[in-house]
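Each of the next two complexes has chain A plus one other chain: chain B in the first, chain C in the second.
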Partner chain A sequence: MTDIAATPQRRQASPKNRTGRATARPRDDWRLMLIVAVFMLCYGAVAVRMGAMAISEPEEPRLAGYGGAEPVRGEIVDRNGALIAANLPAWSLYAHPAELKDPLATAQELAGIFPDMSEAELVRLLTSRNDFVWVRRPITPRQKAAVQDLGRPGLFFGARDMRFYPAGQAAAHIVGGVRAQSEGVRHAELVGSGGIERYFDERLRDPARAGDALRLSIDLGAQQAMREVLSAEVSRLGAKGATGIIMNVRTGEIVTMVSLPDFDPNARPSAADGKGAANPRFNRAVQGVYELGSVFKVLTAAMALELGIVTPETMVETGSAVVIGRNAIRDMHRMPETLSVTDIVVRSSNTGTTRLALKIGAERMRGFLDRLGMFDPVPVEISEAARARPLKPPRWSEISTATISFGHGLSVSPLHLSAAFATLANGGQKVVPSLIRGGNQPGERIFSERTSREMMAILREVVSRGTGRRTNVEGYEVGGKTGTADKPRQDGRGYEKDKVIATFAAVFPTSAPAYVAVISLDEPVDRSGPRPIREASRTAVPATAEAIRRIAPLLGLRPKGGRVAAELKVAPVSVASN
Partner chain B sequence: MKRLLAALSVLAVVAIAAWTYDINYRTKNALREVDRLRAEIAMRHEEQQVLRVEWAYLNRPDRLKRLVEMNNDRLGLVPIGPERFGDVASVPFPPPPEVDPLEAALAAATAAGAFIPTPAKTSIDPAAAAAERLDGGVAFFPVRLAAGGPADAALALPAAVGPAANHGAAPDAEPALALASAEVEAPQTQESGNAAAQTDAVSGAVVAAVPMPPRRPEALR
Partner chain C sequence: MTELTFRPAGLRADGALFADWWHTVDRWTIGAVALLFALGMVLALAASPPLAEKNDLWTYHYVLRHAVFAVLALGVVLGVSAVPAHLLRRGGAVAFLGFFAITLMLPAFGTDFGKGATRWYSLGFISLQPSEFLKPAFVLIAAWLMAGAAERNGPPGRLISGALAIAIATTLALQPDFGQAMLTLAVWAVMLFVSGAPLFLLIGLAGAVGLAGTAAYLNSSHFAGRINGYLAEEVDPNTQLAYAQSAIREGGLFGVGAAQGSVKWTLPDAHTDFIIAVAAEEFGLILTLLIIGIYLFIVVRALLRLLEERNMFIRLAGTGLAAAFALQAFINMSVAIRLLPAKGMTLPFISYGGSSMVAAALGVGALLALTRARPQDPGASLRDSI
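Presenting the complex of A and B:
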């Protein structure tokens, strides 16, 4: 109204203003400018915002709404892609009691869904004064759906992952286990607490790599076969435990690594279930450091050959004991006056090996063993390995050199031995064991190709006419060396009389070495005969033979020549005769 | 004029409002649908993961071993050993093809342009087929011919595996077939010979029943 009335006035006034605007009404002008500026600013802001929205990609803010359990812990698979460790989606139910409309009815309904929870307990939970209570965790998808169907306010689900090991006991010691850490509503963080799970914890937890599985060098089929063979041998020989390793000699890939007794990783025993080797979690292949006995003679002979001290044909005196200070080293059985280096290994002569060791000398022997990694923990990818340090004599005396040459006085794990044998077998380049598919490149040269070849021939002799005869699997040209070592007494004074560690370290095929197998039995006794037999040749050797017979075909290794081809040649004849 | 313009404007505003309203609701519905689908996808992913893990669990080596032991009388599986490796060179050659006079005559007639009626129906004995499937399915496929003849023999051939059933095949097809079959059952010896003998006995007949082949040879177990 006032506007309309004012307009004619202003029209009349305007001609006057034309001359004296600046002087007559400066305040009006200033206001006008301010208003223009304010409007410009507003429209400008709207324009900028519109422009920004028009340019930017349409994007939905709803993506984050789904409360999936992220990030997922990476999976672990065997060399062929079979699942060893995976995640299962699970849920946990929690409540905000303040938001519950009818806690008593809710509790009654929930008690129907969870039969093992009493209604009183649920009422207590749901009427508590806390802002937040865990009702139950974990719950199954079906229970979750049932709770959702109730449609009660104030009940919420937290997504989380459960670690599951579908392969069961087969790879128990290798994968280890996980435990939950920092449990939140959205997810509970799973942290590795042993084995591969712990060693590769960072990598498995890395969300960027959650999609690609960690591929191990293990072959589950072979692993299972090894487990079966060892279980059978353990029960046949009443052994306390056993371990079996098969390793690729070129890459150091561990194809099987079994330690008995083992456990179900889905119900992992705790540290309280026994100390040391008595706990099923104890991995004998890696954590068990033992004096492995005569298998070390192979390394001593290889050093002597490598240094050019002897050739395989050199004759060494074996008829008499070697006296070092107050100690005399003798052979278990009567030996001829002299034996060739080959025969020292084949017939497992302590005196012969000691004489070789004394010629090698303490310094050079330590150098070799050090370079073979015999004094350090094995750098294999499970968390327990770093703590399993070999036991070596505090002062390396002449007697140490002598006894270590035949495997006493230095305690190493079976995996150490496998790596050393693989190094010897693959032409002399150092092998670093690995549990990851692909393995490691061969390292520095420790033995020459020639030494490697000569030693393979000697190991073959052991199997064809020595203590390893029972492992002569036709077609696979197995070579190897037995070791029967008395166990040290618990009180540290000397050795047990009738408790041994029986070991067989094998290479096959010796003409073109592909795999090393080390099988070690803890306190085996063969009671089938008139007197109990504990020697590796009757305990560890048959076990190795069976393991190679079962596993080599699984690894695609064809037997060479011999019986197999001959048998098949019969077939065409019988057809042609018709 | 002005009124018309005003009226049109009002109409336009109403129309646009209605259109906006509609679009708005459709968008909301679409978003709801997207949410639902997202949730479903997430659910399916989870289900898939559960099934994958369950599959791995059901295929764990010690369970398979237990199953094999439980069904040992039907499967007769043993661990693979070094003696299982075969050699292409040791695969037995099939017996030389025998010329069936009737077949030759028919072929000659066909070549000359004679009309040969389409083959009679083949009937598969369901009971025999079921029994074979239990056998592992590798051996033979029991095809019973209602009426014999060259076309029937050819029909039966792709299903019939093994050197014993190779009669009537084109000669150049034989070695390949024999190879494929013999790789499955390399150490086949005595039985296959018997089967061949049986086949020899009946192959000349017009109404031929392809004999039931032997079960997987005992030697395999």
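Presenting the complex of A and C:
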């Protein structure tokens, strides 16, 4: 036994210990004392060295090794070569406070040159005990000249590149931003901190590819037009935000992707400017996962057609509620006893769609949605995308199948929806969205050409005689589907009564689909009439009509009716770049 | 029987556990540890907001986590300090087996967080570095073995503990984590020395370590890179070392003032491995000397108290724990001032990091438990009990 309590007993038994305190210390005490001495020496050495360093002269931060050769970050351009992100030579202003003759006067003069810096702040900087302080970075050539004209000693300039976004707010969420890393007096290295800048950081920093601009799929003209249309709609309808995507149906090239509210990437807000969607940096098109509502009925109908369960003419019962367990699914408006599959989509019947979904079954429905990419983040080339995961029910019950068939219970981003619609429109081959010119090759076949054709005809009817009438833009053969989804309550208990996400997902032209457009408004209300109207047919639909009217010509589509559009079998992209 | 005889000395009165603990524990050291926690909070406020900003988190995200861990760790220090020595010994042995197994499983289940060495388990909201916990447990089991060796017919404790030390050092070196491997060997050597090992044995061991180090230098790029960086005349100004050095220079005697520092914006490890540089820059030499002083105070005080201790296990375990604590702080600070080559080691109770803080708390808590005032001869205990 080696129990502690036993030890004194043993000691007691030894003859030496009987003598009491005389042998209280083992004879090897010198060993422990030596250890104490060694630690004191070690810590003494640390203290001495620390002291020697602290009182030695500080040096200016510099980056050796780079010499004079400055690595330049690659440029970013739109599909036609217009600049989205470029570099400007700029300077940074720093000071050696100890060398300043009159810091207070200098601060006053500098405050005149930099109106957004307070004099108090400058005084604090210039009178600090530091031997070196950054005053401002970066500064413009004019500011540099003004500071030079002061003729004050102790102020110095360092060269550095500045990232500049000529397109301003138009492409804010797409480009993201940069921040300076390892700043030296002669140089600052810029690294991406969001959007494309972060996703392609290594490629943009690669000196070997510095002269080779990164060409995006975005069309800046169209992007600008989309932003103007959405801004006007947001203020007309008092919406909290909006997003608008236009995508090539074959290549998945994103031609416009706007999220409002946005920001100026030349003065990017920080993470502290709001959490989640409240931050202007939040990209609703990619990060905003919402229950998008009735637009999903299109996917449900397409699955039913693809599986051969129905044809567009098959009549389905719509006159009664569908009862699943304790839940009853009803229609918002009175429906006839039966409707054709086409009319289920055109008149947006929940009961009809649910009956289709129950015939499809949970397994096959999940299979379709999974292959359409509705359960995974969209692999688009901005850094925020990977973290935007759709929200699906933890347990997929029969009621999930029913509600998801008309767009509730599964939250996806508008970009997910765009990709699914593009897949349906291009003849049924899977589309992976891309922000890079050229896009991706169409992938596996999910729907047949025939299903695709039939669905395009149905979507066209929604616009010619259904809820999408207000997008019937003359000559572009627009087809599409509305979705007005009640927003889930913040506390997770049910849905808000009068807050909706209004979405319109469009394809044009339907006879030879070239683009999909998805426009989604957050809490829009049309108050022009006697009572407030929130339905997508009066909010997202007119917005989409305006966007298509303005943007389609920019993309090389001519408004001459179905005949001419039908000739445009090849991607109109080539027309646009001419 | 022994229980009857000696229990009264440990327990002043029935139900006065707290009073008993309070009168026997080293309250000066508890005060010093609390001071370290306080300084750690101040420096967390200084060093971690930039990291939160980089990761798009709330500004005080890491400060809050640091505070939570600090409170938890202080609780661990106080709680463990009340554990009786024989329970510590058993607990140490069990913990050693557990954490050694977990460390061995790292290559299969661990993560390297993109830092080039697999040392961590990712448990979602917290990451765990098992080697941090392995150290105090190893000290306890090695002390038990060495103390056992001193008994008549005892086991060959030195040999077994040496084998364990080498097994741990090898496992850690393969991660690779040469810093912790060297620390484990050094602590074991200190314990061996104090246990009264012959000097020629120690000299032979030092030679063997030298050979092993040379072999590692020749065979591991990770290790060689660090040593070369240390030996180089000119510091590459782009490295963490250079930033830390310039921060200490900027700080001077009294620092540039709270929140005025800039090194925390450029150093990726400002809140962990190079926290002393942040301290030096913002609060100057005054604070760094205070920190050095507190560590030395805790260690020397513990060793001097152990000098009075005659129980071999307590003496050795206490020495080992104190040495591990002292060496860790020493190595961390020495890296920042280029006295030693760079190693990933945290500053106990000050650096950010939940698992290192709790592990250090376990070690210091055990040290406090072992340095509690204890009757050292029967006569004294009899007098106390009357």
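Going forward, the second predicted complex is superposed on the first by the 420 of 578 C-alpha atoms of A that agree within 3 Å, B and C clash if a C-alpha of one lies under 4 Å from a C-alpha of the other, contacts with A are read in each partner's own complex, and residues count from 1 in each chain.
Definition applied: a contact is a pair of C-beta atoms (placed from the backbone, for glycine too) under 8 Å apart; a residue touches a chain by one contact, two chains touch by 3 or more.
Just so we're clear, the structure is a prediction, and the values are computed from it rather than from any experiment.
In the superposition on chain A, A:Gly529 contacts neither chain B nor chain C. Contact with chain C, but none with chain B, is seen for A:Arg129 once the two complexes are overlaid on the shared chain. By the touch criterion defined above, A:Ile35 lies against chain C but remains apart from chain B after alignment on the C-alpha atoms of chain A.
Of the two partner chains placed around the shared chain by superposition, chain B is the only one that A:Glu474 touches, whereas chain C remains out of contact.
By the touch criterion stated above, A:Ala82 is placed in contact with chain B alone, chain C being left untouched. Touch criterion met: A:Gln223 reaches chain B, while chain C stays clear of it. Of the two partner chains placed by superposition, only chain B is touched by A:Gly168; chain C is not.
Of the two partner chains placed around the shared chain by superposition, neither chain B nor chain C is touched by A:Pro394. Residues 62-63, 65 of chain A lie in contact with chain B in one complex and with chain C in the other.
Per the touch definition, chain A reaches chain C in the complex via residues 2-9, 11-12, 17, 20-21, 24-26, 28-29, 31-36, 39-40, 42-43, 45-47, 49-51, 53-59, 61-65, 128-132, 134, 181-184, 270-272.
Residues 60, 62-63, 65-66, 68, 82-83, 86-89, 141, 164, 166-170, 220-221, 223-225, 228, 473-476, 549-550, 552-554, 558-559, 563-565, 567-572, 574-578 of chain A are the ones touching chain B in the complex. Within the complex formed with chain A, the residues of chain B that make contact are 31, 34-35, 38-39, 42, 46, 49-50, 52-54, 56-57, 59-63, 65, 79-87, 90-95, 163, 186-190, 192-193, 196-197, 200. Listed in rising order, the residues of chain C touching chain A in the complex are 2-3, 5-6, 53, 56-59, 84-86, 89, 144, 147-148, 151, 190, 193-194, 196, 234, 236-238, 245-246, 248-254, 256-257, 260, 262, 266, 280, 284-285, 288-289, 292, 295-296, 299-300, 303-304, 306-308, 310-315, 319, 323, 326, 330, 333-334, 337, 339, 376-379, 381.
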